[in-house]
């Protein structure tokens, strides 16, 4: 069932090692099927290079396994909480990518020092509090603190990115690490100034309409 | 039309991910055809690994699309402004490569601490002011501040590199990141001294004549 | 003899360059055969890309060569000391991976600033004193200071990781470098807080039972 | 002529991009043929991926081109000066590898903070003064300051490594960057202590005799 979505979620999971966002079995991507409401997610603790599309696990929004021979990611309750509370979200990514996670370790958000941050995120990349893995605590903190951003840093932990599709959530996760690296380098070299909020808004709106090949 | 230039511009665009200068769809390379004056440029928001030579867009110097099924890069007005005001430039590259962009974030130029900077750039790598993406503002700032350098850092934004050909502009973009990394490392470890301007001039002139296989 | 274990130890040695933990011929992995008590280990000073499974050397717990045309790793006495004193250990890895070794250079342990450290290590990653290579000194220091951790940093030297299997020891060696990088970045950006010991214990126990696909 | 040495020097040149020590056309490896005294060296400004074994240039110790359609590296006078003054050296490598070059930018040597430095270098990695590229000045400075080390940092410039063979010079160049990275990380995290000279001597002598597979 949901073979096309499994293939997409599988491919998006492989984007994580390809972009150096994960180590060994860490990290995961899920996608929601709009029609059935089911969620397709990476199995727990499986190596990316040994994974196959049919290993993706199908769960319902309450965490019941609908199909799959493997256990789903231990972060499944986090994904499901976000899907239940954000109807606009159909793709979620979790990583411990190192530059972004260094900000998360400190509980620091990433200010808008770069046009790339204004364009992709439309404001600072927010940081949420420490929350325990495995239950609903992280999901609640994400929903409460992420606002309009496509990504959030969770204190002492790592990155969660969301999107209308698994593909756009993965793009946000990749861009978080990219801008986190540049901001890390800038902050260890000097003190950058923030772009003014009105300019961030203008740049973000232009990017959302003018960039790319349109719908 | 312009199939040979499209192939070259396509290949030079692929040099950006190969040299770790870009992330996802960021960055772009263009080339000017000397005979027609037309410019060949990367399409907007297309993944490098999915791009084909025939996807390159042909525009005239006023931004009219001459050929191409895809929208050109949102940075096209910047490229065109530079081509209109610098007859010696037939290749332009834009990246957000992380080390160079960390200097750009701070509005800091890169002094001549290394023989590689003297050889390749002939002086400090300059930095231009913040300018809005999409119109002529960035192009104007580049032309005003780049001087004889083959590359410039734009504040809060990233790198623009220019050359007599797309190939030489790409070489400049690669070398900017290379020397920016080494200078970043040196500056976080201590305070390097600048090479004296007369020695920079001597080294640059020697490099421009003695290095490589000649014309 | 021990062809299956040689194949596994060979494959795990190749995981070291694949995960950027070693340079040239540095680093090594060994595995113990539970039935015979023999240890299979990488030969000394051989390039990873030129190595074959049959090049792995078989030694007994006293260092006598049982089979093999090549000399075993100069770290063999260290591996054997640990195997003789830790019956639960059947795989050992040694690397000079750069981020972890920077903590080792300073004689600094890695505190629990991240959920990934709590999950994988169950406490701070300990550091042992300087000890001479080649004899029993390093083995003694590992056994004395590693406690319940799957990895230890040795002062001025590098990383040793242990596990119930060569595969789990390699996972620990990879994760040490991963968290060392993130903690390095966090410490050069600010001062993270440690997770409270009770929370570390809770997280580690949950991870050891809930994560992955079970036995 | 010298087809076997050309093949070896070609292969060793390719080790530079493979180990991330060079960018675009920077860097070079040469080897001396003991019988004829001729030196085989990389051509100037040629991309590594486009180079072939037969592109290597053969020169005599005075810089006369004996064979080759291409111009030799602009660093050829440096290599030749070293070969003329060090009969024990039959392989030389030059790179601008970033971590090592950040120490060179500052005119800082790399102290023995790590067992890997004691083992491979037998003492601190020395630094030589600023010297102009292209004549004999760099060669003189290398011979004067390198001592018993297989590598030296040249101020404002980069790394030169020497060896009994091109292969051992390349190994030294790779290890310089490896230990420079770890020492950079340690120095930006704290202040490591140096290993005592007597211990460095003991470790180096053991490594030179016990490590590897012997002659």
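Each chain carries a letter (A, B, C and D) given by its place in the written order, and its residues are counted from 1.
Convention: contacts are C-beta pairs under 8 Å (C-beta built on N, C-alpha and C of every residue); 3 or more make two chains touch, one makes a residue touch a chain.
Per UniProt, the chains are A, B, C, D = L-ribulose-5-phosphate 4-epimerase.
What you see is a predicted model, and the numbers here were worked out from it, not measured in a lab.
*Asks:* Taking all residue numbers at the subunit B to subunit D contact, is the shared part over half or under half, that is, same or different?
*Replies:* Mostly different residues.
*Asks:* When the C-alpha atoms of subunit A and subunit D are each averaged to a single point, how far apart are the two points in Å?
*Replies:* Centres of subunit A and subunit D (C-alpha means) sit 44 Å apart.
*Asks:* How many angstrom lie between the centres of subunit A and subunit C, each centre taken as the mean Cα position?
*Replies:* 31
*Asks:* Give the residues of subunit C that touch two or more other chains, as numbers and ranges in rising order.
*Replies:* 188
*Asks:* If we use the touch criterion from the header, which chain pairs count as touching?
*Replies:* Those chain pairs satisfying the definition are A-B, A-C, B-D, C-D.
*Asks:* State the interface residues of subunit B toward subunit A in the complex, per the touch definition above.
*Replies:* For subunit B paired with subunit A, touching residues are 23-26, 43-46, 70-71, 74, 96, 98-99, 101-103, 105-106, 108, 130, 132-134, 156-158, 184, 187-188.
*Asks:* Which residues of subunit D touch subunit C in their complex?
*Replies:* For subunit D paired with subunit C, touching residues are 19, 113-116, 119, 171, 174-175, 178, 181-183, 185-186, 188-193, 195, 199, 202-203, 206-207, 210-214.
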